[in-house]
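Heads up, the next two complexes both have chain A, just with different partners, chain B and then chain C.
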Partner chain A sequence: MHIAVCLSRLPDPNTVEVDPLTGAVDASRMLYILNPADAAALERALQLRAPEDRVTALTVGPAEADSILRDALAVGADDVLRVWEEGRTSTRPAVTALLLATALRTTELPDMLLCGTRSLATGSGKVPALIAEYLDWPVVTDIVDFTLQGSMVRFLRRLAKGARSEGEVMLPAVLAVEAGAAALRYAGLPDLMKAKRAAIPVQDLSELGLSPVDLNFPAPTAQATMPPYRRPREIFVPEASLPPHERVLQVMSAGIAQKSGRIVSGSPEQAADQIIAFLADRGFVDRAG
Partner chain B sequence: MAVNGGSEHFDVIVVGAGPAGSAAALIAARAGLSVALIERGEYPGAKNVSGAVFYGSAILNKLIPGWWEQAPVERHVCRRDLVLMSPTTSVSLDFRSSAAGYSEPPYNGFTILRPKFDRWFAAQAEAAGAFLLTSAVVDDVIKEDGQVVGVQVRRDMGELRGDVVIACDGANSWLARKAGLQRELHTHELSLGVKEVIGLDEATIRERFQLTGDEGVALEYVGAVTDSVHGGAFLYTNRDSLSLGILGQLSSLVEHKKRPYDLLEAFKAHPAVAPLVRGGTLREYSAHLIPEAGWNMVPTLYGDGILVAGDAAGFCLATGIYIEGINYAIQSGLAAGTAAVEACRRQDFTRYSLMKYMELLYQRNVLTDLRAYRHAPAFVNGERLQNVYPELAARISESLFRVAGDRKQKLLPLYWQTLQQVGTKPRHVLKDLYHVARAYLW
Partner chain C sequence: MAPHVLVIAEVEQDRLMPATLECLAEARDMVSGRDGTVQVVLPGFGVTALAETLAEHGADRVTVVEHAALERFSADGWLQALEPVLRDVRPALILAPDSGYGRAWLPRLSARWRMPLVTNCSRAKVIEDGYPEAYRFSHDGRLHERLIWARGVRVGFMMAPDVRGVPAPKRGRQAVIEMVRPMLDPATFRDRTLRTLPPDPRTVDLVDAERIVSGGLGVGSADGMNLLRTLAETLGATLGGTRVAADRGWLPSDRFIGTTGKIVAPKLYIAFGVSGAGQHLAGIGGSQVVIAVNTDGTAPMLKMADLGVVGDLHAIVPILLKKLEALAQGSAAPAALADAVPERELAVAGR
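Right, the complex of A and B next:
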């Protein structure tokens, strides 16, 4: 099996200093680290690797990003690849994803692509989904744990408020894991030294068969929509004409009648008709023929 | 460079990428040796602490001409203040110079921020061909028949072999002790420095400290700043920040049950300091040991297959008027590197061959200076200098400058009276004068 892992380098949050006056970030003080969720993805890839398997680590970034690929080599990645267009200063998630997907296509499509579910820096979490889109693969995000059974992956995802959901997906697929999914191993001294000396292969746009124009996505056009807003809550006022005792009762019930539900029964078609009729009566849907 | 089994062989292994280590690695790599420079931090300088004013500009200029143009320096120091403090008053000796030695290249000294400077300096060693390995802690030396033949790194298969190991691992060197060259240090031989970097915009710094362009000032404080603890304080101007901190003798911190952080807070609140730091924002806080006993704590500097340089060897001059460590670290690193190069040429790595290091240390004035100022540490940490004289100077100045309609006293009676107030006898003063003279004059 061939497992690819996407890594990204980001400023160590402890070294990011914002000038309180200008709001500018002082880049000269910044140090970079491997995105923690990506480190977890790399570790999971290494744990999965059987003797005949291969793990490739990729990153999109300038020459300074070589350091995270060296780290990946030191802990045991078999191959690494850096993708970059010289002169570029940053990439949007869509461009990063396109570059990664194209690099995988032009070199060798893996059986599984692992990445961190979101970066600590921007945290948009878009890249995994966009790569999957470009490769036309399924994507599962927010994975806290997974196991491989043949070519099927059983996963556990994190949902809001501590909930978890289980599921399955067939390979090839993009699996985006959470930072807590694994702790990256520590490299041995000889591996560390070897990685330090390794040459890091780089591919630029032309080698990927892309032109700079391919990266110029149309700027998103704005569409005027009203944001949804919450209706002001109505405050219940009891009827002034009632005796005090009745008014107190009215206030305590806040004028709200018990919520009533209605359960429709019958065959699915009949039930659907009843629901549509109900909604149509209240003007939510058009009474279609 | 041969690879045998898991472990590689280097001509020289330098432990610690501080100024001493990078200098040693640089000179050895330039001579064509295979050099490993091993640093425990994520990058060189990650956790290194100094004030810092680097006074060795001329030394580095010989090695890397015009170094300050490419290195991350903050300001060149052309103004120095020695400030004596009582709790309410300060008396200072203000030195400023536009003489060539101070205000023209190569300048006398620069304020630097160690994390940046150390990273740059180690990169120079790397560019010269040294192999820099970070995030690697050296736990021990490897010895065979009494000869040091390498180091043990805290990693899987962490054995690294080399002909000469240069220990540049800083104050209270673990390696020098492991190699049996240094005894356990006493707490009165070490000081603890705590330091803050306070961000302040450039214009405010220039205005507040009366500086133009890249000029900088170094202020050293003695007296009430450290309460009853023996020590001192400093404040240096960087480009857009101030470095300030206090140093306290370890034994006296313990004895007086003082926490260095509280002393630092008190220092910042002192009427002579508060207006200088007002409006700043805290950027960094750090603490580090300083070897302060000078000549008296220098370990055996060489052994079979090993040399000790920089703070690890106690090469730091803390005389009250200045703390100089970085310049001696570089000088001793260069001396050690050169000694290693010569040993490699002779292919003799015994202590008799490495003894050449001593000669080089004298040539580079490291041992000469340390020896000349050998009486200074004890004097600087003496009770009267620490706590009585600053108070005396403050009180005399207070009386001298005060106009309350009383009869003006002339200096000698004033001095006499104040001396009695602070409880010091004239013979003590005479004795101290002798000590000052012995420590600083001849």
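Right, the complex of A and C next:
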């Protein structure tokens, strides 16, 4: 089996500093890392690889991105490939996805493509589905765990509010995993030294059979960055028309109305029975008998 | 321009996801004062009853896309079922929750339609007479981006959940409800969901917990808190507490409730040894049913409870635990089996 993994090199969010006045980001302070969800994808690929299998790591990026491909070689990737158009300064998700899909098509289509479900840079989370669209493959996002079952993959997907769902997808497929799906192994020093000297193959647009116009996607007419801003949620404020002492009382109780509930006392045994009867009454536990 | 805004609804376990209602509120704001309309597309199976809730939260029209194959999510299925529907509707703008489901099929549609799709949005708007505008988070929330498109461009916005909150519904508000029954062959879906697993109460975020057992300073010690943890597990509840209890190290710091901690909204909230200070109460206002146990009959927490018990938690909790465990064992045995158990054993089990 041939497993491809998409990696991206991006600034550690902890080093992204935004000027509170201008919204400008100070690029000189940024330190670059491998996207954590991509690292998890790479680890899962390496774990999955049988002796006869092959793992290829790909990235879209300038020459600086070679570093993450070298790291991938050091931990055990068999092949690497970097895709880039010289002179480009950035890519949008659609461009990244098109370049990756085209690179896979022109070199060799894998049996499975693993990637991180979301990056810590743009964080669009669209790249996996877009690659799937360009390859006409199925895609599964937000995967926390999966196992291979013949020509299918059984997966566990994270849903909102702590729930998860279980499902299956036919191979070949794009599997987008969460950062928590695995912790990337460490490379040994000899492997790191060897990877340092490895030649990194690069493909540009012409080798992919693409022209710059293929990378034109509808773009916004204006774009700006600014410091993060939390949208206010509605919170409690005391009723302005009330006399001061009532307002103080409201603030003290955080605006939460007192309930005219039942107050009971008695022996601990009776208290426990009261609580259970109440819980059963409200349907939180099944009644005895 | 009278914009026609379309919202894609998400349903999980027969319930509308709150993120859908947040999108609906955002869509309502977009059309207000512009004479526009809000249409919701609701894919699923046996979900028509939810259209009423959508109407109360601001939908003018609800298009139920119903098919047995849409009972559980499939990216292939959603694309097959919804692409034709959306093409017919020709919305000016599309809003959907930014969820794993949405991110599996909407980007594919956006590629087919060459439609800009903005994910992780904190706000979506239409400025002046028709310029779509979005604010979105990037760099793990360290940066905010603002994007504006040319007038009249159809843009898809995927809204980050839990940002704006769900406003109160307008009871009795009506919408036009229509049914679409697409022709689908589930054998052609390459991905499918087999079942949904509910959250694990032991690890779920307090904010999302359905039941909470909460301990205050009255719990007395880390051991006391551990006893409450056992009680929580027996009730299928999540353990939380007051800030003071967390400060003592009895609870992790992401497990206290109040103005400086988590704001919770469980169906059941049981407080043991919690006095009910304003800073704590501010975090529990969304609780539906509240039980409080306190030795002090004048504690404010008792006044906030549907059932207030004046008593010592150290005496009550162990008895409560025993009784609940006995109950659970009793109800776990099927009735037919219980009938077959010899009388002698029944007497033991019933004790």
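Basically, the second predicted complex is superposed on the first by the 217 of 289 C-alpha atoms of A that agree within 3 Å, B and C clash if a C-alpha of one lies under 4 Å from a C-alpha of the other, contacts with A are read in each partner's own complex, and residues count from 1 in each chain.
Following the convention adopted for this analysis, a residue touches a chain if its C-beta (ideal position, glycine included) is under 8 Å from a C-beta of that chain, and two chains touch if they have at least 3 such contacts.
Everything quoted here is computed from the prediction, not taken from an experiment.
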item: Touching partner for A:Ala187 - first (chain B), second (chain C), both, neither; value: first
item: First, second, both or neither for A:Ala271, with chain B first and chain C second; value: second
item: First, second, both or neither for A:Lys196, with chain B first and chain C second; value: first
item: Contacts of A:Val25 with chain B and chain C, given as first, second, both or neither; value: second
item: Winner by number of chain A residues touched, once chain B and chain C are compared; value: C
item: Which of chain B and chain C A:Arg88 touches, first, second, both or neither; value: neither
item: Chain A to chain C touching residues, read off their complex; value: 11, 13-14, 16, 18, 23, 25, 93-94, 117, 120-126, 128-130, 132-134, 137-142, 156-170, 173, 217-229, 231, 233-234, 236, 251-256, 258-259, 261-266, 268-269, 271-276, 278-279, 282, 284-286, 288-289
item: For the chain C and chain A complex, residues of the former touching the latter; value: 12-13, 17, 19, 72-73, 75-76, 98-101, 103-108, 110-112, 114-117, 119-120, 122-123, 135, 137-150, 153, 161, 163-165, 167, 190-200, 203-205, 208, 211, 235, 259, 267-268, 278-279, 281-282, 284-285, 289-291, 293, 297, 300, 302-312, 315-316, 319-320, 323-324, 327, 330-331
item: Complex contacts: residues of chain B adjacent to chain A; value: 6-8, 42-43, 72, 116, 131, 133, 135-136, 153, 155-160, 199, 201, 281, 283
item: Residues of chain A defined as touching chain B within the complex; value: 17, 20-21, 28, 31, 186-190, 192-193, 196
